[in-house]
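Pasting in a structure now, in structure tokens, and then I'll have a few things to ask.
When the chains are written out, they are named A, B, C, D and E in that same order, and each has its own residue count from 1.
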Amino acid sequence: MSYSEFLGMGAELSLMAVIILLFIYDTFTSSKVGKYLPITAILLLGIQTLYLAFGNSLGLGGLNDDTSLFGGMYVSTNISNVAKIILNIGTILVFTQAASWVKEDDMKIRRGEYYVLTLITLLGMYFMMSAQNFLLFFIGLETASLPMTALVAIEKYKENSYEAAAKYLFFAVFSSALMLLGLSYIYGATGTLYYTGIASELTVTPLTIVAIVLFLAGMGFKLSLVPFHLWTADVYQGAPTVVTSYLSVISKGAAAYALMVALTTAFGSGSEVWFNVLYIVIALTITIGNLFAIRQQNIKRFLAFSSVSQAGYIMLGVMSYENGFGDASLLYYVLVYIFSNIAAFAVAGAIERASGKLNINDYDGLYKTNPKLSVAMMLAMFSLAGIPPFAGFFSKFFIFYSAIETGTIPMYVLVFIALLNTIISLYYYLLVVKAMFLKDNETPIATIKSDGYTKAVVFVTALGIILLGLVSCVYDYIYNAAI
Amino acid sequence: MDNNLTTMYIYLAISGIMFFAGVYGFIARRNMLAILISLELMLNAVDINFAVFNRYMHPTVLEGYFFTLFAIAIAAAETAIAIAIIINIYRNIKNIKSDSLDKMKN
Amino acid sequence: METIGSQVILYIIAAVMVIFSVMAVTTKHLLRSATYLLFVLFGTAALYFQLEYEFLGAVQVAVYAGGIVVLFVFSILLTQGLGQNKEKIKVRKLLLALSAAIIGAIVCGYSLLTHIFPNSKYDMGGEITMERVGEDLLGSGQYQYVLPFELISVLLLACIIGGIMIARKR
Amino acid sequence: MDYSYSILILALPLFMFLTLALGGNKMSQKFAGILGTAGLLTIAVLSYMVAFQYFGMDRVDGVRDAEIAYNFEWLSFTDKLTINLGILLDPISVMMLVVITTVSLMVHIYSMGYMHGERGFQRYYAFLSLFTFSMLGLVVATNIFQMYIFWELVGVSSYLLIGFYYTKPSAVSASKKAFIVTRFADLGFLIGILLLSFYTETFSFDQLTAEGGFFLTSTSGATFLGCSVASWAMALIFMGGAGKSAMFPLHIWLPDAMEGPTPVSALIHAATMVVAGVYLVARLFPVYLSVPEVLDLITWVGAITALYAAIVACVQSDIKRVLAFSTISQIAFMIVALGVCTSMVPSEGGLGYMASMFHLFTHAMFKALLFLGAGAVIHAVHSNEMSHMGGLRKYLPITHITFLIACLAIAGIPPFSGFFSKDEILAAAFNKSMFWGVWMTVVAAITAFYMFRLYFGIFWGKEAKHEHTPHESPATMTIPLIILAIVTCVAGFIPFGEFVTSNGEAYHIHLDMTVAVTSVVCAVVAIALATWLFAKPNPKPEKMQAALPNLHKWAYNRFYMDNVYQFITHKIIFACISKPIAWFDRHIIDGTMDMFATVTNSVAEKIKGFQSGKLQMYVWIYIVGAMILAVAAIYTFVK
Amino acid sequence: MSILSIFVIIPILMLGGLFLSRNMKQIRTVATIGSALQLIAAIVLVVLFCGERSAGNTAEMLFMVDHVWFQALNIHYAVGVDGVSVAMILLSAIIVFAGVFASWKIEPLPKEFFMWLILLSIGVYGFFISIDLFTMFMFYEVALIPMYLLIGIWGSGKKYYSAMKLTLMLMGGSALLLLGILGIYFHSATDGNLTMNILEIAKNDAIPHFWQNILFPLTFVGFGVLGAMFPFHTWSPDGHASAPTAVSMLHAGVLMKLGGYGCFRVAMYLMPYATQELSWIFLILTGISVFYGAYSACVQTDLKYINAYSSVSHCGLVLFALLMWNTTAMTGAIMQMLSHGLMTALFFALIGMIYGRTHTRDIREMGGLMKIMPFLSVCYVIAGLASLGLPGLSGFVAEMTIFVGSFDHTDTFRRVFTILACTSIVITAVYILRVVGKILYGPVQDQHHLKLTDAVWYEKFSTIVLIIAVAGIGIFPLWVSDLIRESIQVISERIIP
């Protein structure tokens, strides 16, 4: 029993430290000092991110490449470290976005909880991504989803918030029950829950097929893959915008990475099964997500369906697990997606807070009154749609690139379906642009005075959207970690 | 087929029936607490699976055993949160019917 | 290991569990549902005992039967007025639910039955001593679970925070 | 020999065009007119110099060598096929230079009076210069593609000049018609060029017409629809010529083209541009000789046109139209003359070539004179209709005399120039066969008839009422008339055969007395008939008209050729092709594209219901979806 | 840093300058100076290029620069030009320059307008200089998307619909393209050294025939959509009709050329086998385009629709000629691109100016404009004459080169289509003269029009620049054709077995 192994988990320990510090800070400070909580959270997380990024090269320890701890239950690699950094960046952005929200009277008393719970979900995701054992994976997953329920319900007296929370919770538990069923079959068939063990024991029988499908269904819930996505729109709409943006990017990104690790490591010998199931699921996800998005009027629902279809694109990276580009492209996609989606949610959130308006129609003529927000929103839309020179184009291209590299005709077909869907998606993204730039409005939303945090997040995300693609070092960084 | 295996199937059958009874309840019941009860059935059924597989198939190490143990804890945590939310809903709208949760739709 | 007696007991437990789990989801009275659930949970504990997982059975009884069901009962009493505790199920919904359950059951049953399990190694496990449970739970090697144990403590903490935050008045 | 100054013949008019077009608005009308005329005078002088120099040159081996004064590469398609721009001087091109510059000079002078005070006077002179440039470029072309280029340019200048009165709808539609019809013909020309050049791998005239059957050897064997490629190519090229020269059935644009100012009609639609077709055939004559079936076709087209136009001319009342049909008919004479040739040697069946060129030359002069005279008449009475004229000889003495001279010339009365040239044509036709001889003699007679009908109708007959007394035109207009009349009188005595023959050898013109006498007798009879009918006001014409109502009606309506075209363009091309295509595009093609959008949208609308907001429904879909996937996977992967 | 990158850098600097501009004057200054610099750079490029060539530099592409961009994915920022790209760059520079003047008084949001316009031009230049498939594709899409806003904000008529349709259809094309490009890339070498560099792909010539037959249609149709190939042309009439003047100019003048350029640079150059195998299908389609566009134009009543269909016809001719894959026809195709670009830009500029005055584009409601606005009318006639192929203007040389080249095929199929294509020149004359006759000539239709004024200086400047270019090519075609031919030869020799 050597507990020194805990010291090998630099990422998780440092995050835990951040959580504890924030917890103490929130609990034991007066409200006067307490108002600095947002910036403290951002700074602490920032420091932790820096540690993740540079700790190794500075010799701080705890971040060794390819550490396998606790009897192979936990593995930290360069690429998982990069994935954590990416999630951290996203979380920092969300926190920045949240800063002006938690200052509101209603939220003031719950801001401590907000930060602590969010970071705990993040911790759960860390474990989910580093897990090499389905028990740890499952606990990580639950750590990521159960506090999330509380977060969804955080504006608990708002009409939609509790409804969203209930839906999310029931759906989450139901899906984890199904996933557990699947895992139990896996366990029954292979006799172990360690990824490596499963990989060597797994044979394709009806039982394992059902197990894999159920596992996919469980993860499909987190990623909002069709047909497991139906909660998405309702929850996104009902949850506070800040939580929605966290839910739509960070949680999704973590799940995508964790799913990829699980599928490629544990279910590697059953790859033909999940490959084909995922194939159908991706095609459905991209298409159905888009079809639903077309008709949405509420911007948050709209973004929900858009994120459904984006999840399909992310999964294309999983499909190309065989080559080195798959995980790099997936993570890069997630990173770009984080920036684009947070930009969109930040703008939507700012407008919602200032005017209470959430309908796309209300955005008519927005450019006249709020040019900067409109431009940021437009960049986000273009990036999501994959228009160059914005980052979304690069991430889409790379994900298609990695998907096609497998070289089979079905992958060409799948990419083709995805490409056709980019056209549909462009249509509805342009609807937003149209509302903001093209339409005239008698009573446009009045000019919004944003505070520094909102400005910062909009600026940083917009900058990210422009630069992430053009500057190749980002992708290279991820790719070098992946190989 | 060896006897033990038959017994295992009995266990699996029980858990299976429990699980899908839970599924039935989840979809059919209107009361959120009833739905929660159904969920408990499902989780419980899965726990049985793990324990049974551990005992009958792979008894040398206790993986299923511990999975069950942790799953029970998670189920408890989940119930706590769920009940908190249900109570919150009750406080807001004075009922906990699942069909009242359809304010948000297309 | 298998004795006639234990077989008979198993069948009885099985019958009880099946009946009560079905009744738990079909009865119209919520309180009865909770009670039936309690029986099922006890039945599960009994199964664990049957499998010679005594510790597991004990935890089951303590956590589930002792904790969760009580929680259920309280919240049922809290949220249900006396007249409200009956509910009707629409036929359409019933059919939907049934179809889902039956399809699922058939798929899972088929897959379980067609899977060729190796011969049972029931006897190789031996008795689970508390020492072993303790060591495995807090050990850091393979098949030892200190990390999940620590993590789940965080999870429970988060759930407490979340639960309080939602349930408290402010 | 140095012909380097000949470049000025092309450069000057282009320069004039640019000057007048860009700076015209800044100039006074008078200055513009004088500038244009002076420029043209210079060009004319240069052309005469070229003619003197060229024809003064000694023959080599009995023929005049073609001189290529300039030839530079303009555009190269392949290694072999290059468009050169250059100046080719040979007997016919030099002859054409003289004709064009002379007539153009006359027209320039004449227009100063005729167009005096018109809005857009400067533009008019600019266009005239453009036309002169294009026409000169056409005749000196060294290769068929250069010819095509200038061919198009003359088409455009013609278009611009016909539409000079652009506020007049009839002028606009006439110009459009002229351009499109000739453009259609040019399509044939172009395809012909493509065919020809593909097989011969050259555009250049001297290679195409080189002796030794260069053309034939390279195309032998290739056939299409029963005719050799050579025949097709040459027939298509002739189609271009037929369009420009208003041969039946592509003639319909020319009568309408009379909407342009009358001097323009004189220059373009009588003397120069319309003979481009004849020139084209003459230019490629050695090649045509190698495809006799095409020559037959040419003869037939020419003969039919000649007869058709002559008949129609008999009943038209608009004097410019009569002249237009007369032009068509006369050009057809030249075409027939070329068509009846059977060899390169003038004395052995190659007479027609010389005759054709000769007639081209004389016709240019007297037809220009006729048009300019008609212009003077119109200038005086402000109308084109014969019914508004009559008895004008008193008021317009100079015009009257010169017009009469021209009429006699065209009727083929000696000693006027038309007699000599027409006589050669008839002789050539008789040489070919009796049939063609008789046919053309008849047409010649009809020519005399309608010309004198016209003459009497204008200058004799019943005097129409005039708002103010007609008066003779100013000197700028009469001087060209007089000059041209003089030329008409003497041109017949030019020993044309010395200069221009099919093979370049000198040929001494001698009259074939039988032919000459016959034709003169026929002409005189026809003139007498016209005199009897039209010299004095009398009811005889109406009676004749009543006697042959259908013929008159058909002839008057030009045998409904315009209606046929109208039908084809409006009812078939516009209504049956364009409109359906446009409809198809908007509704089927575009509709399909829109349909993708509509279908997507309506599918989105249809499936909206799945997002019902009901948690349990969601879960149902979730689990059933998962199970379906599982079943599908089991079905696929478990054998 | 090569001269080529200047074409991307100048517009980027312009974007910055526009961003900082405070008033109309500054905006105009930036736009004018920037576009003039581009034009100068383009001319300098032509001179340098010709200089290099005459100095005996026979490399396929000149001024090549290659920076590694995404190492792992073999994506480079690689630029280089041959004669064709040089010609296209010059074309773009001229049209952008004229376009700036044509939108001198654009309202509302002038700053944004110019910024989008310049962004569009970045895409165009970038596309023409790229020799890396990825950068090429990226610039291609950069050029497409500003169209949506440019039409949507500054357009007229049913602009939302048109803008959306245009964008979506073109994006549909680029979806096919992306698939094609990836396919090409992954078959670009047999030895595993995959490359995105067009020259290297061509050198390797490793794409299996089976894949060529799949990828060729993808890329060809992908680019063909932008080249207005039947039946994917319907964005063009609506799009052009709704677009503001400068945008129509740029779009018809330059953007549609991206399609043709891409067709031969990517589809045909890289997949010679499939070009031979499949060209007949596309010959039929493009042949239909030529014919169909011309006939449709005959009965339209909206000036811009007429021109749009005319563009369909002319651009159809470009693709048609490319598919004839011999040096002459392809040279003609490129010249037709130049010619069509210039004259359509001229057309759209004039239509915009006329529309700005009369507020109608319906030819039935106009007449006698020659009297009212002689300058514009004369220019319109010149544009018309160029369009119907008058010698001395650019249309003629291009069309003739095409026809002579196309006729070089002896098989009946191609012969017949060539002759059909030839007939389009007659139809062109019909619809051009119809418009000229209706709106410029004849009596004045609407008495209100009598008060209208003729062009002002910036409008005149814009049109004159274009007319000079049109006439320049028309009168001195040899240097253009020589410039293009050398580069085309390399490509056509790959295709011709």
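Descriptive notes on the structure:
Rule of thumb we're sticking to: a contact is a pair of C-beta atoms (placed from the backbone, for glycine too) under 8 Å apart; a residue touches a chain by one contact, two chains touch by 3 or more.
In this text the structure is predicted, and so the values were computed from the model without any measurement.
By the document's definition of touch, common neighbours of chain B and chain E comprise A, D.
Using mean Cα coordinates as chain centres, the one most removed from chain A is D.
Averaging C-alpha coordinates per chain and comparing to chain E, the farthest chain turns out to be C. A comparison of C-alpha centroids places E closest to the centre of the full protein.
Across the structure, the highest number of inter-chain C-beta contacts is found for B-C.
For the pair chain C and chain E, the distance between mean C-alpha positions equals 70 Å. Averaged Cα coordinates give chain D a centre that lies 36 Å from the centre of chain E. For the pair chain A and chain D, the distance between C-alpha centroids works out to 77 Å. Per-chain CA centroids place chain B at a distance of 6 Å from chain C. Among the residues of chain D, those in touch with two or more other chains are 597, 608, 611, 613, 615-617, 619-620, 623, 630, 634, 638.
Multi-chain contact residues of chain B (touching two or more other chains): 19, 22-23, 26-28, 35, 54, 57-58, 63, 66, 70, 74, 77-78, 81, 84-86, 88, 101, 103-106. Multi-chain contact residues of chain C (touching two or more other chains): 93, 96-97, 100, 104, 107-108, 110-112, 114, 117, 143, 145, 148, 152, 155, 159, 162-163, 166. Here the chains touching each other pair up as A-B, A-C, A-D, A-E, B-C, B-D, C-D, D-E. The part of chain A that touches chain B in the complex is made up of residues 134-135, 138-139, 142, 146, 149-150, 153, 156-157, 159-160, 162-167, 169-170, 173-174, 177, 180-181, 183-185, 187-188, 191-193, 233-234, 237-238, 292, 295-296, 301.
Put simply, chain A touches chain C in their complex at residues 1-3, 5-6, 16, 69-74, 109-110, 113, 116-117, 120-121, 123-124, 127, 135-136, 139-140, 142-143, 146-147, 149-151, 153-154, 156, 165, 181, 185, 188-189, 194, 205-210.
Across the complex, chain E meets chain A through its residues 69-73, 75, 134, 137-139, 141-142, 145, 148-149, 152-153, 159-160, 163-164, 167-168, 171-172, 175-176, 178-179, 182-183, 185-186. The touching residues of chain D, when paired with chain C in their complex, are 616-617, 619-620, 623-624, 627, 630-631, 634, 638. Contacts from chain D toward chain A in the complex involve residues 597, 600-601, 603-605, 607-608, 610-611, 613, 615, 617-619, 621-623, 625-626, 629-630, 632-634, 636-638.
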